[in-house]
Amino acid sequence: MRILVVNVNTTESMTESIGAQAAAAAAPGTEIVPLTPIFGADSVEGNYESYLAAIAVMETVRRYPERFDAVIQAGYGEHGREGLQELLDVPVVDITEAAASTAMFLGHTYSVVTTLDRAVPLIEDRLLVAGLRARCASVRASGLAVLELEQEPQRAVESIVEQARLAVVEDDAEVIVLGCGGMAGLDSAIRSRVGVPVVDGVASAVTIAESLVRLGLSTSKIRTYAPPRPKTFTNWPPH
Amino acid sequence: MRILVVNVNTTESMTESIGAQAAAAAAPGTEIVPLTPIFGADSVEGNYESYLAAIAVMETVRRYPERFDAVIQAGYGEHGREGLQELLDVPVVDITEAAASTAMFLGHTYSVVTTLDRAVPLIEDRLLVAGLRARCASVRASGLAVLELEQEPQRAVESIVEQARLAVVEDDAEVIVLGCGGMAGLDSAIRSRVGVPVVDGVASAVTIAESLVRLGLSTSKIRTYAPPRPKTFTNWPPH
Amino acid sequence: MRILVVNVNTTESMTESIGAQAAAAAAPGTEIVPLTPIFGADSVEGNYESYLAAIAVMETVRRYPERFDAVIQAGYGEHGREGLQELLDVPVVDITEAAASTAMFLGHTYSVVTTLDRAVPLIEDRLLVAGLRARCASVRASGLAVLELEQEPQRAVESIVEQARLAVVEDDAEVIVLGCGGMAGLDSAIRSRVGVPVVDGVASAVTIAESLVRLGLSTSKIRTYAPPRPKTFTNWPPH
Amino acid sequence: MRILVVNVNTTESMTESIGAQAAAAAAPGTEIVPLTPIFGADSVEGNYESYLAAIAVMETVRRYPERFDAVIQAGYGEHGREGLQELLDVPVVDITEAAASTAMFLGHTYSVVTTLDRAVPLIEDRLLVAGLRARCASVRASGLAVLELEQEPQRAVESIVEQARLAVVEDDAEVIVLGCGGMAGLDSAIRSRVGVPVVDGVASAVTIAESLVRLGLSTSKIRTYAPPRPKTFTNWPPH
Amino acid sequence: MRILVVNVNTTESMTESIGAQAAAAAAPGTEIVPLTPIFGADSVEGNYESYLAAIAVMETVRRYPERFDAVIQAGYGEHGREGLQELLDVPVVDITEAAASTAMFLGHTYSVVTTLDRAVPLIEDRLLVAGLRARCASVRASGLAVLELEQEPQRAVESIVEQARLAVVEDDAEVIVLGCGGMAGLDSAIRSRVGVPVVDGVASAVTIAESLVRLGLSTSKIRTYAPPRPKTFTNWPPH
Amino acid sequence: MRILVVNVNTTESMTESIGAQAAAAAAPGTEIVPLTPIFGADSVEGNYESYLAAIAVMETVRRYPERFDAVIQAGYGEHGREGLQELLDVPVVDITEAAASTAMFLGHTYSVVTTLDRAVPLIEDRLLVAGLRARCASVRASGLAVLELEQEPQRAVESIVEQARLAVVEDDAEVIVLGCGGMAGLDSAIRSRVGVPVVDGVASAVTIAESLVRLGLSTSKIRTYAPPRPKTFTNWPPH
């Protein structure tokens, strides 16, 4: 089966590391196709860029020329998953929800450690809308920007470990979720330092997408995610 | 003061009727500037179009060449308000929240009557995220598409009246909110038929925007809605 | 239009300062009529006094001899607004709800800074009942009694600033609500010190009341706030 | 021990029947003292009368000349219990909460059957504030006014039975709570007709008040219900 | 009347102290029968032992040869009460719920102080399911194991006092609930040290069970707690 | 990898059909080991039997002599998963949670269709505790007992289809979850009749268990699910 894993920002090196993380988690026979959005910001760290990414991810997937079996939106706490579900017949998995859903099988509560403080409310709201917030102990910010994660992996690990430990001690978290697509690959280093399960969104999204495909399940088309109605568009899509 | 009232779809006649509704509600001295998005769908009836409208509204406001004092996003249950709040220093009012907030001063509970059934979950989710859902008795669909509201105003009134009555009788609603920007102007007809207060989102958003401006209040820039960080954009904005 | 602004306690100087704050927020053409309750405590700082104020405010408004267009109950976190809504055909706005509702247009979360610690649970309960608590980050006490606010305005500012800063730093509040009618007029001093929007309940209630009147909206009379049924009263009203 | 059982309205015959119901539930050695408020409405069926009753009950209890061990406020869904808790050192039990709390020991969910439809939101709000609403399946109105309960007991039973059955069949209620002090004494007739436990608020409040006294427990005075601070009152109490 | 008070662990000395606490709270004429489960762990401190206790308590009660009027399950935060309610026609009271329910009559919020940190989530979940968590300020662990409570009563008091004080100061608790059957008898020592009401689960459960019996109320048999359907059992009960 | 799939009742034919459903969903290389509890009821339809099954499943897994990689508890809405998580180092997946979690990736809301009405509250409570209830539209009973599902598969399909359709039409469900381990294998028949995705708990639990194993994730041992402390047991385990 072929799974598209779509980065939300236009930084190619991040697409590559997300793709590598996805491939490492994939079952034999799963082809991972990492995609970079055809437009947008080099990093997504707020609502403007996130809304832009939402539509960029949709347009990027629409232009993908081959058949595929599932799509993963690889941005943590970003807008847009609902639109993809309308546009596509195949399963759509957002890493925010994949990680939270996976974490809930591993402990009584989980905390998310993300990048900048400004990302915290976006994540909280996405978890609320997804119905996955009841057992979220906290969302904490490491203070690192998205691109710093890549440039300074050792500092990233330290910052995430520090917040993960605080989540465990102060917030009673039993599982840590890595709250940024750009944290892909840091999970085992953090797990060994903090002593609790650490869930990576990209990896868990891959196994969930594979599972849905294997079970023959896809998005319900009966109401919220029915295909878009025919429309007349002005100045869209951009050339 | 000058208030931009931005339609979420590209149908000019709807922009006009929204503008007229806004102007009728405005205080002396308030200039209402109705805007049509520079790209997007002729009507917004689902997540794909709504996400596209979110970014279209932001780009439209960014290109508006004059000074302005507040912005109203005139789509009911649509995405995007958070992005506008990041981009702008002036107050941003979404008609979904304006109407709900106003309705809560008028009765113990309120119900929203919207267009198509597929819009219901979007509205519910937007109210949930806005923290305004606790006293929402129900969101009901009239079954009319957005553009039908304009083309068949009498049928629109009948359908909305029917659902409003059911909301009162079956869901214990005490106030009705008109859940579509395209319903602007239908409020008094419906009020006289149903016997409860009927809140129009555009009109209530105008008074809230005016009030915030007059009180010297605007969006907090300390965290969630801090200005976007500097980014490098690829293929954006479209030419 | 004429708006009655009713203090909840019998301290005339406080009625005056509330009236001045209301008048400063009012639009041209709005007449503000500040009223002192015809009976009750000199300051309201607990449930007994608050329940007494509830009925005192109602009786005071009932005896007001002229026509009026709206009523503002100018006590933060106090009982009684529902009774006024039953008795009157014109809109009733409680400053607790006005301020919370306004704050929600300005940031992702808000905190209330009030007077004594014992007022905190009353405010929390009123926000809960009003359906406005979902985005309340915290309610904090400055430790000052109601009458001290007036007597020691500088100390009041300092105490409120201290709690407002803690609300921002520890509770992730993005907007501060002044949780006492007696804090009227302190908003700009606090805003400049804390760096986030500061909402005054009296001022925001004035603009909301004006807006409801202008939109022709008033309390739904269909159920919760239907006029009182005819009753035989014993020993009431007091002479 | 002596327990004051305070009616919320001024109809003496209702005070008598409440007193009789209380006495029937009391343990040997418990003296029940039924009290009628010294002012107020002959029946309480809305917020105005309920707020008036709140303060009337407090003043009535304050003037009671003898020592007592506990107070029961015998109105269902009425305001005021918090004020009594401030004023008194002995336990205060509201029949709304007594009945809900008791019902939760008897089934997975309970429904309240009350008098007029307008009482429903008051009851829902009181249960919400009391933290006892999570397992409330519904609050239903029998359509009878408070004084009709007394005048037409057979019709009252029929109406309550009808709503109780609907609560069981449509709302999945497993226990019925009688939602009016005036329904005292109807419980066994209804129980035998509906086939589920029926909880009377007055009777359950008596056993709870007795239990608190016997266990040496009373209201916490540390914060919310600390004694009122010294105040200067104007025109209060009435002569 | 005869009330069975069933310990959840097999330590006889703890059964005795629970029995003594129950007897001290019982009304004249109430016979308390303390029971030790016929199988299980010497102390219950986690889910495995708690589930084992659930079924052990049920089997123990089933084998009790005499008539009885009510059953108290004397483990704090343990599984099993729902099963007892199915098996029996008489009232069943769990001390977790008895204490929480009682505490809610005494203050705006309550906190539970329990034994080990690992018991905290069990208690939180049981309160959630019971619909009694809305006014729970916190559940705190004293750090003492169940059997240490008995062996080192003075150290137990110190540890509980410390957490109770933190609950009052940091969590705004107004009432303390003793969250372990093994804390029976420590309430007055802690009350005098912390200055807020302290609720013991066993004592409050006795008064609630007595009250239900006196009021002629027992478990609704209509749905959740209907008697078990006839089954064929394999290898059960054990000989 | 080897996954134990444990039936909650002692009916061997049901263990077989659960095992077959699991094997059909398993990836190549996954060995499914269906287990029947070593004691308990032939069908589990209430709290007593469910609590008995909880401990029976634990004892059955403890006695399994070989190494294994994950455990699935194949009863819908049953007690006990938390105990297994304490006892084991490998992942534990309950089909209740597996199905709900999977359904949430497929639609805005889901409904569960189960067997008897008395199972409904158990399922609701388990979803509540698991933090997966926010998007559950309803839990509906087909009216068939567990063993009837096997004996009358065609009638079972009809009954489930009827309730599934009602869930879609009346409760706005977008996905149907089969709420009984004994419904394994009926999913495709129901899906084709109702037109929405139908999630089988056993199949989805298999893919989740496989995913956790492949990702190297297992239960957090830091708090709630730490291994049981050393205990002295009386009369347990049974011989």
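Order of writing sets the chain letters: A, B, C, D, E and F. Residues in each chain are counted from 1.
In the analysis below, contacts are C-beta pairs under 8 Å (C-beta built on N, C-alpha and C of every residue); 3 or more make two chains touch, one makes a residue touch a chain.
A quick note: this is a predicted structure, and the numbers were derived from the prediction, not measured.
Interface residue usage between subunit E and subunit F, two copies of one sequence, is largely shared: over half of the residue numbers at the contact are used by both copies. Here the repeat of A-F among E-F, C-D or D-E is D-E, since over half of its contact pairs match by residue number.
The angle of the rotation superposing subunit B on subunit F, based on CA atoms and rounded to the nearest 5, is 120 degrees.
Averaging Cα coordinates per chain places subunit C and subunit E 44 Å apart.
Averaged Cα coordinates give subunit A a centre that lies 29 Å from the centre of subunit B. Residue positions 108, 120-121, 172, 223-225 of subunit A each touch two or more of the other chains. Those residues of subunit B whose C-beta lies close enough to touch subunit A in the complex are 10, 37-43, 45-52, 54-56, 58, 79-80, 82-83, 85-87, 117-118, 120-122, 125, 128-129, 145, 223-226, 228-229, 231-236, 238-239. Only residues 25, 27, 91, 93, 97, 101-102, 104-108, 130-135, 168, 172, 174-175, 188, 195-197, 199, 203-204, 207-208, 210-212, 214-220, 222-225 of subunit B touch subunit C when the two sit together in their complex.
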